[in-house]
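Both complexes shown next keep chain A, but they swap its partner, so chain B is in the first and chain C is in the second.
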Partner chain A sequence: MMTRVVHAVLAVAAVGLSAAAVSIFPRSILAFLLFQGSLLFVYLARIPGWLRLGLFGLALLVLMPLIGFVNGYYLEVATQVGIFVALALGLNIVVGLAGLLDLGYVAFFAVGAYSWAIVGSPHANLIFGGSGFPLPAWTFYAFLLVGLVVAAATGVLLGLPVLRLRGDYLAIVTLGFGEVIRVLANNLDKPINLTNGPRGITPISRPPTAFGVPYSEYFYFLVLAIVVVVVLANRRLEDSHVGRAWEAIREDELAAQAMGVPLVRMKLLAFACGASFAGVMGVVFSAKQVFINPESFTFLESIGVLAMVILGGMGSIPGAVLGATVVTVLNLQVLKGLSLWLNELKNAGVTVLGFSLADLPTQFEPAKYERMIFGVILVLMMILRPQGILPARRRQRELA
Partner chain B sequence: MTALFEARGVTKRFGGLTAVSGVDFVLAGGIASIIGPNGAGKTTLFNVFTGLYEPDAGTVTFRGRSLGGLRPDQITALGICRTFQNIRLFGNMTAAENVLVGMHARVPLSLWDVLSRGPRFRRVESRLWTRAAELLERVGLRGAGNEVARNLPYGDQRRLEIARALASEPTLLLLDEPTAGMTQAEAATLMALLRSLVADLGLAVLLIEHNMRVVMGVSDRVTVLDHGEKIAEGHPQEVQANPRVIEAYLGRGWAGRARSHRADGQ
Partner chain C sequence: MDFELLVGILPQVLIDGIILGFMYALIALGYTMVYGVLEFINFAHSEIFIVGAFVGVEILLGLKAAGLLEALPWPLLLLIVVLAGMTVSGLLAVAIERAAYRPLRGAPRLIPLISAIGVSFFLQDVIRLVESIWRNAFNLVYPTIDALNERFEITTTIDVSVKSLVVIAGALLMLWVLHALVNRTKVGTAIRAVAEDQAAASLMGIDVNRIIALTFLIGGAMGGAAGVLFGVQYGLINPYTGFVPGLKAFTAAVLGGIGNIPGAMIGGIVLGLLEAFAASYLSLLTGGAFGAEYKDIFAFSMLILILIFRPKGLLGEIVRERA
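For the complex of A and B:
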């Protein structure tokens, strides 16, 4: 009982104080990290469900948007985290639950993004002629569904030829598929200009917002809403005969089929579900960025999302959420902040062991360490905690 | 009247090796066993019966329906389910979840039911879990439902495989060496369970078994395979006395006359 009270007080204090810290030191990365950490604490603390939900609601619906007014960049980070959380959750279905290693996942994100980008910008006039495009901005909401359907269909399309493949073979084919989509986007500017090639498409319409809400806040809430839906869908799928069939396929495909699991249908369903989440986020991404080109959908992005899933814990929904957050924040804030700080030291001419940092050759510029540190973190994680930060826990049930 | 399960002239080759050659097999009900030395083609025959292998020749019919060209999951849905010789549980899932996967073909829920999670979903889902608990209790795994399958003791894993197969509500249950690695006492308990299943559910059971005490004690009929061919069939006592069976198991010295082509292959 005592621990629960202590935990509850600590959780409330952590969220409140860290949010206050961000508002007092709006430029301090550390304060913002504390705020994120307090949410993790709320998740892990032994507190009643309503308090947890309340604190999450308070932090994500009220405090985070307020922080956005203090420092807009933090809201941008939060929005990007949301986008990647949805991607990681989608990939988690394919890789984590069904055990189908997909190295070209970003292709579905691209399909969703281009489906809105093409008709939501004047670009479509080049394809269809006339001047009917861009479509009215409100059709963006309809395209959230269109993006979902198109991406799911693409998922099935990818799934069909690779159904018989497993493990390494499947990974290679999906890798190729991801590259094919990117190369198509890069080269389909002739004979018919579908994607405008490497120059990309711009300006992409943004949906109308009510009461003059700024777009940064608007997209934050939109992404948050989609993430909530995705998490709910993920949880419901996982805790049903569908999710159990996926896991059975991951554990032993042959036994699963012998127990009555239709492999083809369940695998295609996994691909379609995973892809659909990416498709929806693709539509949002293209509207948010106003400009997209094939550079946003490289192989490295697929690997990044996979790293999130593996870092968080394969097959674990909280793991995917945390993995996406950690990787995105590392990339956007921590490592950038670190290299900025090192740069400052260098510019200030600080000496270490009698060696002036200002004399460092350009090859050793701090900014160049970012990727290396990220890699080292991944390697260390895999050695020290191969099951991921928040590994999937088996559901314990009261059995009659 | 057609038999429950009927195989005619089943042949399966792997490259140059004929694993099963022209085997006829009929099962009307009760408990039947397939025995034979290692490599006789017993498991291959099982794999043909359950659709894991497509036979090179021959037909398999179940309740008057041909199984040719059907996938394993379709055959399971029709009412044939099996266990595996080398246990193939879903190791990282709990015992209860393993059993629930076995019910997959019988779950009357659509994707929309799952995503909307309405009262219908909750009703069906709670019924499934109740049934899983019943099945676990039936095979003697009461209270083990939340254990992760790969952490269960060996004998329990074998029993869990049977519960998982039963979950698909089969009419015909195929068990591939269910007592392997069990003590005589455990094996006897398992056989009692099989008999009660046959009596209560009208289930037909086909066993592959090496434990002769089990085979002779429980089977209504015994079929003997050797080198992919059926060499004997009948009541346990008849089969036990058959010289070809003795020869297949103990070598030619025991059964009198040698057959040279067989001696070379050993």
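For the complex of A and C:
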């Protein structure tokens, strides 16, 4: 009983104090990291469910938007985290639950993004002629659904021929597919200008917002809402007969087949479900960015999302959320922060052990080393803790 | 359609394709040997390959700075850089195996693959980090050696540079040595035995771990040699250059039948030729609608099609399902 009270008090204090710290030091990265850490503490603390839910609601629905008014960049970071959480949860279904290694996952994100970008900008006039485009901004909401359907259909189309392949071959084929989609996006500015090639598509319409809510806040709430839906969908799927079939396939394909699990249909379903989350987020991403080009959909992004899933724990929903948060924050804040800090030190003419930092090579920029982070995460997790930081509950029970 | 133009460029396309093909064949050997022994895709092989290219450029730039580039005869220069590239890449491959793959032996198939992807990404940025600090640049250009850039005119429109001939000869020599090593020596027999059945090989007194390390050493050395030749042939390299040739070399290995050494050579040459044809003719035949950029799509689509319709590849492969 005592521990519960202590934990509850600590959880409330952590959220409150770290939020206060952010508002007092709006430019301190450390304060914002503490705020994020407090949410992890709330998740892990032994407190009643209603309090946990309440604290999450308070932090995400009230405090985070307020922080956004103090420092807009943090809201941008939070929105990006949300986008990657949805992507990680989608890939988690394919890799974590069904055990199919998809190395071209970002292709589905691209399909969703381009499906809105093309018709939501004047670009479609080049394809269809006339001047009927961009479509009215409110159709964005309809396109959330269209993006979902198109991405899911792409997933099924890709899945149909390749799902018979063994695991490692499947990985390489999905990698090839991801590259094919990117090269297509890069080159389909002729003979018909579908994607405008490397120059990308802009301006992409944004949906109308009510009461003059600024777009940064609007997209934060939209992404948050989608993430909540995705998390709920994931939880329901995990405990449904479909989810159990996926896990059976992951553990032993032959045994699952012998028990009557329809392999092809279940694998296709996994591909389609995973792809659909990415498709929806693609639509949101294109509207949020106003501009998209193939650069946003490289192999690097696919591996980034994979690193998030692996870091958190394959097949684990909280793991995917944690992994996406940690990796995105590392990329957007820690590495960039390190770069800025180093530059400040350089400009101030600081010397370390007699070595002037101003003499550091100009090409040495910590912000550019995201591949190294992904690589270290993947290798170390595989060797030291393949089940991830927050392992899936079912796996925990197995290992216990 | 300008028929004469199409025929006229054919010999040049063939030469380009063969050079590219030997390059792929050399890289593909690393994939195929490791796959033959461990049934595992060494995703980091593309970085082992490009490390060879970086070792080569560093030595050549160093010699140039010392003013020795013009003083030494070019065959000696090439021998030095190729051997250095082979040594560093081979040892790197062994180190990677020891650190990132051996602890995972016996784990489910996807676990070492993910680790290999991690190693690949890690190495790309390590190369970048080292070169950024050392040279303040990570896009490096091979210094030109004039003797290698001389061109033979075969006809008025077709010519071959010395370096192209050197690349082809070097690749042929290495493929021949490897073939002899694997088929005629005791070590080669041991490698083939481990590939066939690890447990039985170990019962016959073969140190399986040593043979696996040796496989990585040989495959890595071939990759390193390919890296140096790649740099000599194409000039510009950066830490991320290795990825696409690596993926295509893997395609070549699969095309020839993964795990099969002659298959990798044939697959490499076939893929190189096909790609050269796609690069030159696609744009001509479609009136410019599809440019040479589609050669990548061409290679990847081929990979997908082979895996779906003939996963055994051209020369076949024995595949066992591992739980």
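Methods note: the second predicted complex is superposed on the first by the 369 of 400 C-alpha atoms of A that agree within 3 Å, B and C clash if a C-alpha of one lies under 4 Å from a C-alpha of the other, contacts with A are read in each partner's own complex, and residues count from 1 in each chain.
Please note the rule applied: a contact is a pair of C-beta atoms (placed from the backbone, for glycine too) under 8 Å apart; a residue touches a chain by one contact, two chains touch by 3 or more.
Being a predicted model, the structure only gives us computed values, none of them experimental.
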- With the two structures laid over each other on chain A, which partner does A:179 touch: chain B (first), chain C (second), both, or neither? second
- Query: Given the touch rule stated above, what does A:168 touch, chain B (first), chain C (second), both, or neither?
  - Reply: second
- Should A:377 be classified as contacting the first partner (chain B), the second (chain C), both, or neither? second
- Mind working out whether A:62 is in touch with chain B, chain C, both or neither, as first, second, both or neither? neither
- Compare chain B and chain C by how many residues of chain A each one touches, and report the one with more. C
- Mind working out whether A:252 is in touch with chain B, chain C, both or neither, as first, second, both or neither? both
- Task: Go through the superposed model and pick first if A:303 touches only chain B, second if only chain C, both, or neither.
- Result: second
- Message: For A:368 in the superposed arrangement: first (chain B), second (chain C), both or neither?
- Response: second
- Of the partners chain B and chain C, which touch A:127 in the superposed model: first, second, both, neither? neither
- Task: Applying the touch criterion given at the start, work out whether A:142 contacts chain B, chain C, both or neither, answering first, second, both or neither.
- Result: neither
- Where chain B and chain C land on the same part of chain A: residues 252
- Which part of chain B faces chain A closely enough to touch in the complex? 50, 52, 71-74, 76-77, 81-82, 84, 88-94, 96-97, 100-107, 109, 111, 114-115, 117, 121, 125, 128-130, 132-133, 136, 143, 145-146, 148, 164-165, 167-168
- As the complex stands, chain A meets chain B at residues 233, 236-237, 240-242, 244-245, 247-248, 251-252, 254-263, 269, 394-397, 399-400
- Query: How about chain C: which of its residues touch chain A in the complex?
  - Reply: 40-41, 100, 103-104, 107, 109-115, 117-126, 128-129, 132-133, 135-138, 243, 247, 250, 254, 288-291, 293-294, 296-297, 300-301, 303-304, 307-308, 311, 319, 321, 323
- Task: Report the residues of chain A in contact with chain C in the complex, numbered from low to high.
- Result: 99, 101, 103, 161-162, 164-169, 171-173, 175-177, 179-180, 183-184, 186-187, 190-191, 252, 299, 303, 306-307, 310, 360-365, 368-369, 371-372, 374-380, 382-383, 386
